[in-house]
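Here chain A shows up in two complexes: once beside chain B, once beside chain C.
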Partner chain A sequence: MKFKFLKSPIMLIMPAIIAISIVVIIPLIFSFYTSFTSYKLTRPDSLFNFVGLRNYERIFSNSEWWWTYLRTILFLTIALNVELLLGLGIALLINKITWGQRTLRTIMMFPMMFSPILVGFQWKYIFNDNIGLLNNFLYLFGYESAIAWLIDQKLAMGSILAAEIWANTAIFSILLLAGLMGIPKDPIEAARVDGCSSWQVFKHITLPFLMPFIFIALTIRSLDVGRAYDIVHIMTGGGPAMRTELTWTTIARIGYKDANMGMANAMSYLSIILSIAFTYYFFTKLKASRQELGQ
Partner chain B sequence: MAEVNLKNLTKKYGDVVAVQDMNLKIPHNEFLVLVGPSGCGKSTTLRMIAGLEEISGGEIYIGDELVNNKDPKDRNISMVFQNYALYPHMTVEQNLGFSLKIAKVNPSEIEEKVTEAVAILGLEDLRKRKPSQLSGGQRQRVAMGRAIVRRPDAFLFDEPLSNLDAKLRTQMRTEIKKLHQKLKTTVIYVTHDQVEAMTLADRIIIMREGFIEQIGSPIEVFNNPVNVFVATFIGSPPMNVIECEVVNENNNLFIKIDKDMLMPCPPSKKDKLKKSPKVYVGIRAEDIVPSENSTDAEKKGWNFEKSIDLAEPLGTETQLFFKLNDKDVISRMYNPRVIEVGEKIKFEVDLEKIHLFDHETEKAI
Partner chain C sequence: MKLVNKLLVLISAISFSFSAYAVDKSFPNDKVTMWGDFSGVTLQVKLIGGAPYEPLYQEMIPIWEEKTGGKVEILSKKSHFELDKEIKQDIAAGDLGWCVGSNHTSFAPQYGDIYADLNGIVSAEYLAEFTPLILEHSTYNNKLVQLPQHSDVSNLFYIKSLYEDNDNKKNFKSEYGYDLTPPETWAQVKDQSIFFADPPNFYGTQYVGKEEAITGRFYEMLIAEGGSLFDDNWNPTFNDEAGQRALQWFKDLYDAKAVPAGVMNYLWDETGLGFASGTVAMNLDWGGWAAFFNGADSKISGDVGVIRAPLGSGGKRTGWSGSHTYSITNECPNKEAAASFIWILTNHEAQMHEARTGKLPTMPKVWDAIAKEMNDTGNVFMAEVFSTFKTSMAEDAVTPPLIPEWIPFSNIIFPELQKAILGDKSIKEALDYAAKETAYMMEDAGY
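Showing the complex of A and B:
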């Protein structure tokens, strides 16, 4: 027979291979290849201009990029920690409520229902130094000099963080609340009888039970925050003087504004390493916390 | 080391009363068993004593102290839960030492007490294991160990054996009994299993729908049940209770125990039966004796003959089922032989061993 190979097991996995190729493998290989070219969006012929490791060499000697890289790590760390603490607090409070809990859970999820772009716009106007709600509110309390929230280089990052935290804390709350609801009552009651105060019950019993949920939430959110672009783009556009640029806003600027796609792709691969590192770290922790519980 | 005292203890969930006006004094070192069908309020009572459930009314004293508003942690009690409630992230020894660690006992003393508990319960080889690596019986033992390391004023057991298989249950029952003899502490034990109640208790409390039906030693409640409920709840198989008419023939009182079958009224109860047209007759299965081997001279009681509907051989005995007044009745035949269904067998009943209950109130006459 002519197409003998079609009878082999290869044929059976062919549909999956084709699907994965189209969705993942081909774009991956293509983008990886372009990171070794001087590919510019405006000059398609440059796609075949192979430059070897030049893009990477340039990135490695570009201190501005590394500041952005560090800033992204800092942004991730602060956002995840604050969201975790706030989310945990909210989840613990809601878990105590017996009447109206469902309604509260729904209300809590409102920020997640808005487009990040719109959240960015809204917070941009809250933080606006002239007409913003925040400055007007401060004015009422006698604080008369307008604060340039989005223009001051130190405050701008904090303002973006505030918006990011407002929009996404609910994700932590929901995931942790699910975890809290799944904790068996018995060990908690046993601990109370064993002499634990509320805080000790939380520390010694609730928290270990909650750890897997915390790390799942952190994994999901680290991927989410790690690719932050929209909120920054809307609120500050990366300014002032690129002081609020994160890796992906930089990549977008270089890739689409400067049309330097080869360089942008090289940066993307370095950014992805960051996300992989976070995910790997949290998964290791997740596994350990599950083992701890004997799961 | 203390007595536990309940005064008018009441628990309501909205309009539903779970426990009503319970008064109970549990002296030091007593093994008290609360028994009753599910929903009778026994677990709620225990949880109120533990402080895990708020009380709606009344007072709880542990020792001389009123503990109504005290947190569980301040009551110096320990509790063994039905599902063991072990801390899954801690090893056996950490589970055992946890309460001591919380109480800031110094590590060497914790080690000493844990070692002692582990020895008492035979858990020496399992100290470093986590609960998920233990069998049901071992987990139960750890749960008990966790309770004993603290030397509390009272032990509370909430159906601790109901998740174990039959064989292990019997074994653990013995261990709990031994433990109590060794530790000499007040124990309050909740179960729905009347066998556990009978074997373990110094005193049994039978509860129904939030009320105490009867309090007494196992033998007392077995021999003198105060009403039909207690009579049918305590004892296995349950006491046969038959609704009967009272018949007066020639000034002699008889109980019509079946169609065309009159049983003479026990002489000691004649006066009390005169006015009642109906009565519940309770006879324990072992008091309906198949009398085929005894000679007429040996027969002291009242005799009757019935054909058998079903025979269940259990080895040491065979349980014979037949009907009296359309109600299934069980008799215990010791020295069993093969019984054919439909076979007629003679039975003998010692009239002084039967129980009579008022038809209206179901209380013992």
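Showing the complex of A and C:
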């Protein structure tokens, strides 16, 4: 009887269940519990100070948080769209190359190899209003005013987006290039024989084949951008005046600097909803595009 | 060319040149020594890192290891803000078996009772060598939880030649109606900053514009304007007229483009390097930059003056102050070795080593010794620096409230200060909002 139990399927997957419980489920349950407490990192005894929904009530009535939430959605939307367009363009161009493609693919991936902290410092220096490369470059052409790239209401977010897009567009390019390489040649050649223009071939054959790859790339990047922190933290710290504040810069400040981990965890769970929503949307689209291809 | 010059200043700052004086390993000026035989002891420490702090460690740690037989294992070496986060995580995880940590009088109240009372661990004779007021600031809940290594207070550095220029004198007098001399009040700093400013090539002054840095700057301006952060019952009062006047000063300079456009993202490195690049007329800064401002790597070497921080309209000078310190954890398994280690980082010889770069000593006799050394070696500028900073430490220095809520309070108010300066909110709206949120936070904390 004992031997039979050990052979059961549950026992076979038990190591995986234990590992996932330790690494994922228990921390999730713990952090979810702390979101209902006034837990402060510097006062471990506050872990048992249950405050019910107070943290969530305060978040729901905090207009600054909801502006930050909207700003994060906007940031996500712009970053994903620009990265997609640039990544698709780069992938299409590289796919056309018949000599040196491997070298170009490697060069294209260089920005991905930098740590986000290094990328943040690099772009912070480029956009520095006083000693930055960009303003000094503009001075060479007679521009007489110091542009406050990391201060101005619109430019600050644009500057961070530039850094984020520079560092991560290659992810789209690589995934879409893989998709382009997998497209069968026959339908394209048949279309050309039938007199289709390059645009018609792209729109009616290449793009539908690429759509599953596009949605996979969008899903991966939406999860990444949704928890953007390092680059923003280094370049502006979410400021000035919260102009570049995203959900995770707020959460990190409240969690670590204020040591208010209960509130930070409540905010984290609300932030996760954003990532789940984007992932769900892209997966629905992925399923539809695969069905369209008959997969 | 401008870019190249600035880059050179930036690069040279990283390789900050410190004193050529060697430490006398016999420690002749230390009445109290705390050597011991710590063979086999490995002391785990977490220290503040960065160019200004490294030379002391490089000098003193090998001496301590050689003389005591102990070993120092540096678990972390980070900026103070990063170290602060790490220590908070250690408290949450109960991971406090390490022995010595860098600390600061403004940060210490946050850490509860993790640090040992140094009374009894460090001899009373040694403690008697420190300035009593600084030891008082190092005390929390009646426990001396830290030993001060050096103190902070800021005074005004300025480019002397600007004030000696006859055209400047004539034009300033005709425009503002009084003589151009190094400013005595913050109102004069504003006038002169606007007068000197020629953006984007030259600015009148600058200020640190984010995080605790701008909170502290606002705090000291508030005091100088005759205001206070809280009343006796810990109700916020910084949104009164004094607070509004203090914040208006920052906004006026920003609106007049008398400060660099990016100041709202500046911290101390940016202001220090900016002044040394010769593109800013006046700079309120701590003494730690003094040797660099007047050193070979600075564009204004030989042209730097220093005066006490100016007066606000309340008749007080600004003097936001605190001390960099070392603490010993309660769980440290060998407190005697730890005490010996913090002794070597804070003793007379260590403080002289640090003072030669402009850092402010925490022992009265080191003040006298460094002033004498600078006079004897003909270093008129550094002698003036120490004379000025000694006066301001004695007469102007004021710490922020030494409560655990200082950093959370700062995180509430600094975005509001920025919003007012940038014009996203009116000054009153911003301060009122910060006061309301601060009141909630203080209430939650049990005040």
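The rule we apply is simple: the second predicted complex is superposed on the first by the 282 of 295 C-alpha atoms of A that agree within 3 Å, B and C clash if a C-alpha of one lies under 4 Å from a C-alpha of the other, contacts with A are read in each partner's own complex, and residues count from 1 in each chain.
In the analysis below, a residue touches a chain if its C-beta (ideal position, glycine included) is under 8 Å from a C-beta of that chain, and two chains touch if they have at least 3 such contacts.
Nothing here was measured: the structure is a model prediction, and the numbers come from that model.
Of the two partner chains placed around the shared chain by superposition, chain B is the only one that A:I205 touches, whereas chain C remains out of contact. Judged by the touch definition given at the top, the superposed model places A:D186 against chain B, while chain C stays out of reach.
The wider contact with chain A, measured as residues touched, comes from C rather than the other of chain B and chain C. In the superposition on chain A, contact is made by A:M242 with chain C only, not with chain B. In the superposition on chain A, A:C196 contacts chain B only, with no contact to chain C. Using the contact criterion defined above for the overlaid structures, shared-chain residue A:G294 touches chain B, although it does not reach chain C. In the superposition on chain A, A:T42 contacts chain C only, with no contact to chain B. Under the contact criterion defined above, no residue of chain A touches both chain B in one complex and chain C in the other. Those residues of chain B that touch chain A in the shared complex are 50-52, 71-73, 75, 77-79, 81, 83-89, 98-99, 102-103, 130-133, 146, 150, 156. Within the complex, the chain C residues that touch chain A are 2-3, 6-7, 10, 81, 84-85, 88-89, 91-92, 94, 110-112, 199-200, 209-211, 260-262, 264-265, 273-274, 277, 279, 404, 407-408, 411, 414-415, 418-419, 421-422, 424, 444. Listing the residues of chain A that touch chain B in their complex gives 184, 186-187, 189-197, 200, 204-205, 208-209, 292-295.
Here chain A touches chain C in the complex through residues 38, 41-44, 128-131, 133, 135-136, 139, 144-148, 150-151, 236-237, 239-243, 245, 253-254, 256-261, going by the rule given at the top.
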